[in-house]
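Note that chain A is present in both complexes that follow, paired respectively with chain B and with chain C.
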Partner chain A sequence: MAVPVAFFALFFGYPVAAIVARGLRPDGQWDLGHAREVLTDPVTAQVVGFTVGQAAASTALTLALALPGAYVFARFDFPGKRLLRAVVTVPFVLPTVVVGSAFLALLGRDGLLDEAWGVRLDTSLWAILLAHVFFNYAVVVRTVGGLWGQLDPGQEEAARMLGASRLAAWRRVTLPALAPAVAAAALMVFLFTFTSFGVIEVLGGARYVTLEVEIYRQTAHFLDLPTAAVLTCLQFAAVTALLAVHARTVRRREGALRLVDAGRTARRPRGAAQWTLLGSQLVLIAGLLLLPLAVLVERSLAGPDGYGLDFYRALAAAPDAASGFAVAPLAAVGTSLRYAAVATLIAVVVGGLAAAALTRRAGRLVRGFDALLMLPLGTSAVTVGFGFLIALDEPPLDLRSAWLLVPLAQALVGVPFVVRTMLPVLRAVDERLREAAAVLGASPLRAWREVDLPMVRRALAVAAGFAFAVSLGEFGATVFIARGDEPTLPVAVTQFLGRAGELNYGQAMALSTILMLVCAASLLALECVRTHRAGEF
Partner chain B sequence: MASLDVTGLTVRFGGHTALDGVDLAVAEGETVCVLGPSGSGKSTLLRAVAGLRPVDAGRVLLAGRDVARVPAHRRGVGLMFQDHQLFPQRDVAGNVAFGLRVRGVGKAAARERVTELLELVGLPGAGRRAVASLSGGEQQRVALARALAPEPGLLMLDEPLGQLDRGLRERLVVELRQLFDRLGTTVLAVTHDHSEAFALADRVVIMAEGRIAQSGTPVQVWERPASPFVARFLGFDNVVPGTARGAAADTPWGPVPLPPGTPPGPCSVLVRPAGVRLGEPRDADGGGLTGTVAARTFRGDHVVVLLDMARGPRAEAACPLRSAPEVGERVAVGFDAADVVRLPPA
Partner chain C sequence: MKRTTYRGVLAAAVGTALLAGCGGSGDGGSADGDRTVTLVTHESFLVSDDVLDRFTEETGYEVRLIKSGDAGVAVNKAILSAGNPEGDVLFGVDNTMLSKALEADVFTPHRAEGLDRVPQEVRLDPEQHRVTPIDTGEVCVNYDRAYFADRGVEPPQTLRDLTDPAYKDLLVVQNPATSSPGLAFLLATVGAFGEAGWRDYWEDLKANGVLRTEGWEQAYNDHFSASAAGRDGDRPLVVSYASSPPAEVYYGTEDNPGQAPTGVATGTCFQQTEFAGLLDGAANPEGGKALLDFMLSPAFQEDIPLNMFVRPVREDAELPEVFTRYGAEVPEPHRVAPEKIDAHRERWIEQWSSLMR
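What follows is the complex of A and B.
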């Protein structure tokens, strides 16, 4: 437990505290008058109200659309399922700015829908909500579906033999077992949408502003650090309260579940109702997830002289003064992969240790730690990135020029995923199996390696996949600390998007497409690893 | 092999006391079976000895050494869990070899030992099979082989034959007994089934509510239960309060004859069903006890007859097949002093 605590204290607590202190103590003196001013400002109330409202609506919409998806992926077997599972995860890791642009291209002026039916949604709340569903569909499908697939269908059958209808059996047996996973997924979605940044920035216009966007504006545009610091604290408090509520609800439900091999619970859909369910989910995935991605690809190929690979060729070209790049943009692919791999390693080690510690111990302190691990998700990435710059720039911790800084910041966002994914599964491992290992002579560490690890390997792979994916797509913090000569993919994309001209826009789309393909490829590889390993069960 | 010596062992769960000052000794090579109803603390006893359950008071000595500070994995005891707890992700050989592997036994040596053990438990060549494909009895055998593999000084078995069907159970009891004799293993088993305990053990220990109610050889326990509780637990229902007066005892049924030499005083009286004699009812006031047959249960070689006695609680009688009375018949009831046992008062 010491390692994760130290990690968080040093690379999360310290930088965030530094930036908050910078804002609230401008001259070495606490200045709380300003805080009162900001908090009582009606604009702040409006921003908070919108932030909460859109987050709640997005979460509800995502759950409504994605829970059937979780069921489909958990219980049905159909051709192309593995590919599809990887595909639905791709949106989650795309840089928010790119997603914003993709939705703009789909729903905005001269967008696909505009061209086809004259429908425009870019200034409406619906665009934001749909983009949020686009992002978070995979969160629900993977978190809930992962556990669902391992639930023993025999339990539901037992309930049905006792006279429960199919729905009642699901409601009374499966739903309670899934509740921790659903709560965890809902919490994640709420957090992501609560701190939503890129989507709102692009699709929200001036009308819709979330806290995170406001913090970014105050920091980067108006250089008003005190106001940003107050808002950061406000967001921090809200997220903490949210996590406390979550910890309370989850604690009541978590217990040992009967887990079985997911491969054995899935079967071909039977009957019209099940085929309809599968079909409707496929249509949903196609319309909501694939269409924006397809538009993205289409734009990357649509050059001035018709379709072609012009933009891609431009990416590989050596940098010149006009482009503002120090290296060929294509080099960002390698940089991103390298950073993400290191970040994943850090996140899995730190998160795995934390999850193992949380499984073994109980108590108030541990529960507090559990909540603490989630905080990076709810903290403004802008704050973290800026905090890194401010806090870790002097000896003994001068990491400004160290390449490790970027993976460290990315791992910070990855750890909560690892913990959240591992914890339910680790807790569901029967304690007596560990005891059996102990009486056979295995030390606690050995027992963990021999008993827990093989059973949670699947969860670990999922966790690693998530950590890798969020690291790859992380933008808010990376943009502050990545070195100019080593941009990551998302940073390079925004550099292109920030410049006018069709070539730059096209190159941004091309680079986004590459990022999307890299994500898809790595996730697909992960799915292969998963099934290969699953064969051992 | 090691001896086990437990003194004053106490374990509490919250407000409930699961083990209340238990003293128990198992000599080297001895097989002791702890017998008790569910909730009597017998599984807790095994877990405390294994080091899986923290102890609130008392000592556990293994081979004369206090193991209070020794963690479970260094105690060198084997425990066969009630529901086996085989590792689902390993095959049979992987399960059996587990204890050898964590002790650093070489691959070849481990393989040899696994083969040997699987033959010993009657599953030769099953090493590659998946745990999920095994029947209950096969799982039990694998669990036993796994527990035996590291050659534990003390082998503990939690309801070793609990989930098996009757025929397999009776065969396995005999096999286990022979196996333990051959290996000379010190064994501590717990079960709620007295026939299993009697067949398996050199000595049985009966537990009730976290305490030891009686300890002795199967014959001793069967012939002279130490208390009405033990008698009832062993399946004897003819236990009534009474007062011994020389050759007979006053009971709610009426006078019951006692074996010669029974000390007088308040007591409980146990009458084995085989010692209840039924006959033709004589005249209404012939002085003998009477009862009416309430139910008959066919038991293969005999019939158990449940009697509504003219006075007092119901009584059970074991009758030969041919002479068993019909339900509703009125019969004369007599007791055979040789099958009457004086127990301490309840």
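What follows is the complex of A and C.
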């Protein structure tokens, strides 16, 4: 437990505390009058209200649309299932600027909906909610679906046999077993949408403001650290309260489960009802997830003289002034992969150790640490980035311009995924199995190797894949942390988007498509690993 | 016992990774390399490799680039780390943020060679030389030539034109709270109508159906009808740069068109000048001074236009043909003094936000 604690203290707690303290104690004196001012400002209340409201609505909508999807992926066998499971995760890594552009094309004027039914959603809250579903669909499908697939259907069948109705059997047997996973998924989605930044900026049309957007403005643009510090504390308080509620609900439900091979629980759908369910989910995935992705691909191919690979050729061209980049944009692929590999390594080591420690020990302190690990998800990237700048600026820890800082910041976001992926699996392992191994004479290491590892190994691979994807798409912290002249893929995409001219836009789309492919390929590789058992994702 | 070993190995792995990272930073850090000069700047900074090579040949210094965020972020980071800066020279502070940076004492004075060739009106720290002007450009309303030609309507030229019902529901602007061109356009209206009059003007703009977006990307790429992606765009007027028409040609797909697909309403412009300065506490002040001199030299100045799509400040620097042929002359851009901007920026933005709500 020492390693994860040290990691978080040094690379999260210390920098964030430093920047918040700088705001709350501007001249070495606590300035709480300003805090009162900010907290009683009606605008603050409005921002908090909108932030919580849209996050709750987004979470509810995502759960409503994705839970049937989780069931479909867990219980049905259909051709192309693996590919589809990888593809639905792709949105997760795409930069919001790019996705926003695709959504506007579909939902805005002359968009698909407009032409078909005269419906425009680009100016409404619906665009934000749908974009949140787009990004978070995979979180629910993977978290809940992973566990669902491993639940023994025999138990539900036994309940039916004993006279329970279909609904009662599901409510009494399956739902309680699934509850921790559903709660975990809801928590992740809520945290993501609560701290939503890009989606609100791009699709909010300057009318909607979340706490995260406000913290960004106060810090990055106005350098009003006192106000930013108060808002950051407010956000922390909200996230901590949420985590406390979550921990309480999950703890009451968690217990050892009888897990079986996911491959054996899935079968081809039978009967009209099941086919309809599968069909409706496929339509939903096609409309909500694949269509925006298809728009990007279409635009990357649509050159001035019809479809072609012009923009891809431009990307591969030798770097010169005309390309607009000191580094050939394709080199960004290499940079991104390198950062993602290092970030994944850090996230898996730190998260793995934390999960192991959390399984073995109980107590208030440990639970507090569990919650602490989730906090980076609820923290603004600009807070972390500026915190690094003022906290890690003295030897021996003058890391400000070390390239390692970027993967470190990305790992902060990856660790919660690793922990959440591994914890349920580790906890679901019946303690008696370990005891039995010990009684039979196995050393603790052997017991761990024979009992825990076979289950954990795959969960670990899955966790690593998610950490990899998160880091591949990470944008916020990467921009705020000083780097050399080596843009990552998402950064390069936004650089292209920020310049006028058809070639720039086309190359942005082409690079986004490459990002999608890289992500899909790594997730597909992961699918091959998760043949038997896996954790939440 | 053995579990500890397993953890120990992982801990060692983390430790090694960290050490590797620290070592990596040490190699490139300016602290121990007095032949390295570090330039801190924003994401949009671009320079050709051969120009930097030339600097190394002439002076023996290697340039290391550190980029992060937009211009606002880069300047604010410099203010946060005043006295213990990330590098030697900061490039990218513009006239909307100049006063703030100067007040925070982040710069050490240096009168760069070649300053005599720079026009007086862009030298905004003429006595102390804490900052050196490097490039300049204008933020202006751009129009879609085809849209207005098809309808036989004259495109607008001045800020007042934009409130004319003939241009109702045609303009898209950015949020000044988060977008640099958005702020520049707000300042243009302050410069034109004064502190007392700009809000009335915006009431008129609002009544004339102005559309707001958060950033330049959404306004230009998604809404502006003359941009490549804006094929579906519904707005033929957008706040962008005076250099956007040359960029449309340069990054366009048609060779040597008769004119750019977009034009500039030259009465709507606000001048933005970017400065560089030697950071106080720089590890390599001599190298920093050499770099500042070089940034005003013709070699660097003439490299600016096609990389960053702004104009060099040096009078004798030659502009590429795409600029002279397709660019617009802006004789009288609107201006607001840097001190005034610094004193009122936040209040103006707040007033704008509540006015447009």
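In this section, the second predicted complex is superposed on the first by the 506 of 537 C-alpha atoms of A that agree within 3 Å, B and C clash if a C-alpha of one lies under 4 Å from a C-alpha of the other, contacts with A are read in each partner's own complex, and residues count from 1 in each chain.
Quick note on the criterion: contacts are C-beta pairs under 8 Å (C-beta built on N, C-alpha and C of every residue); 3 or more make two chains touch, one makes a residue touch a chain.
This structure is a prediction, so every number in the text was calculated from the model and none was measured.
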Quiz prompt | Which of chain B and chain C A:R432 touches, first, second, both or neither | solution = first
Quiz item: Can A:S443 be said to touch chain B (first), chain C (second), both, or neither?
Solution: both
Exercise. Using the touch criterion from the header, give the chain among chain B and chain C with more contacted residues in chain A.
Key: C
Quiz item: Just chain B (first), just chain C (second), both, or neither: which does A:Y307 touch?
Solution: neither
Quiz item: Now for A:V202: first (chain B), second (chain C), both, or neither, which partner does it touch?
Solution: second
Practice problem: Determine, under the contact definition given at the top, whether A:P454 touches first (chain B), second (chain C), both, or neither. | Solution: first
Quiz item: Where on chain A do chain B and chain C both make contact?
Solution: 443-444
Quiz prompt | chain C residues touching chain A - in the complex, by the definition given at the top | solution = 1-3, 6-7, 10-11, 13-14, 17-18, 20-22, 24-25, 28-29, 31, 38, 40, 43-44, 46-49, 64-70, 72-73, 76-77, 79-81, 84, 86-87, 100, 174-175, 177-178, 211-218, 220-222, 227-229, 232, 234, 240-241, 244, 247-248, 250-254, 303, 306-307, 309, 346, 356-357
Quiz prompt | List of chain A residues in touch with chain C within their complex | solution = 2-3, 7, 97, 100-101, 104-105, 108-111, 201-202, 204-207, 216-217, 219-224, 299, 303-305, 310, 319-322, 324-326, 342, 345-346, 349-350, 352-353, 356, 382, 385-386, 389-390, 393-394, 396-405, 408, 443-445, 448, 479-485, 487, 491, 494-495, 497-506
Quiz item: Touching chain B in the complex: which residues of chain A?
Solution: 430, 432-433, 435-444, 446-447, 450-451, 454-455, 536-537
Quiz item: Within the complex, which stretch of chain B touches chain A?
Solution: 47, 50-52, 71-79, 81, 83, 85, 87-90, 98-99, 102-103, 146-147, 149-150
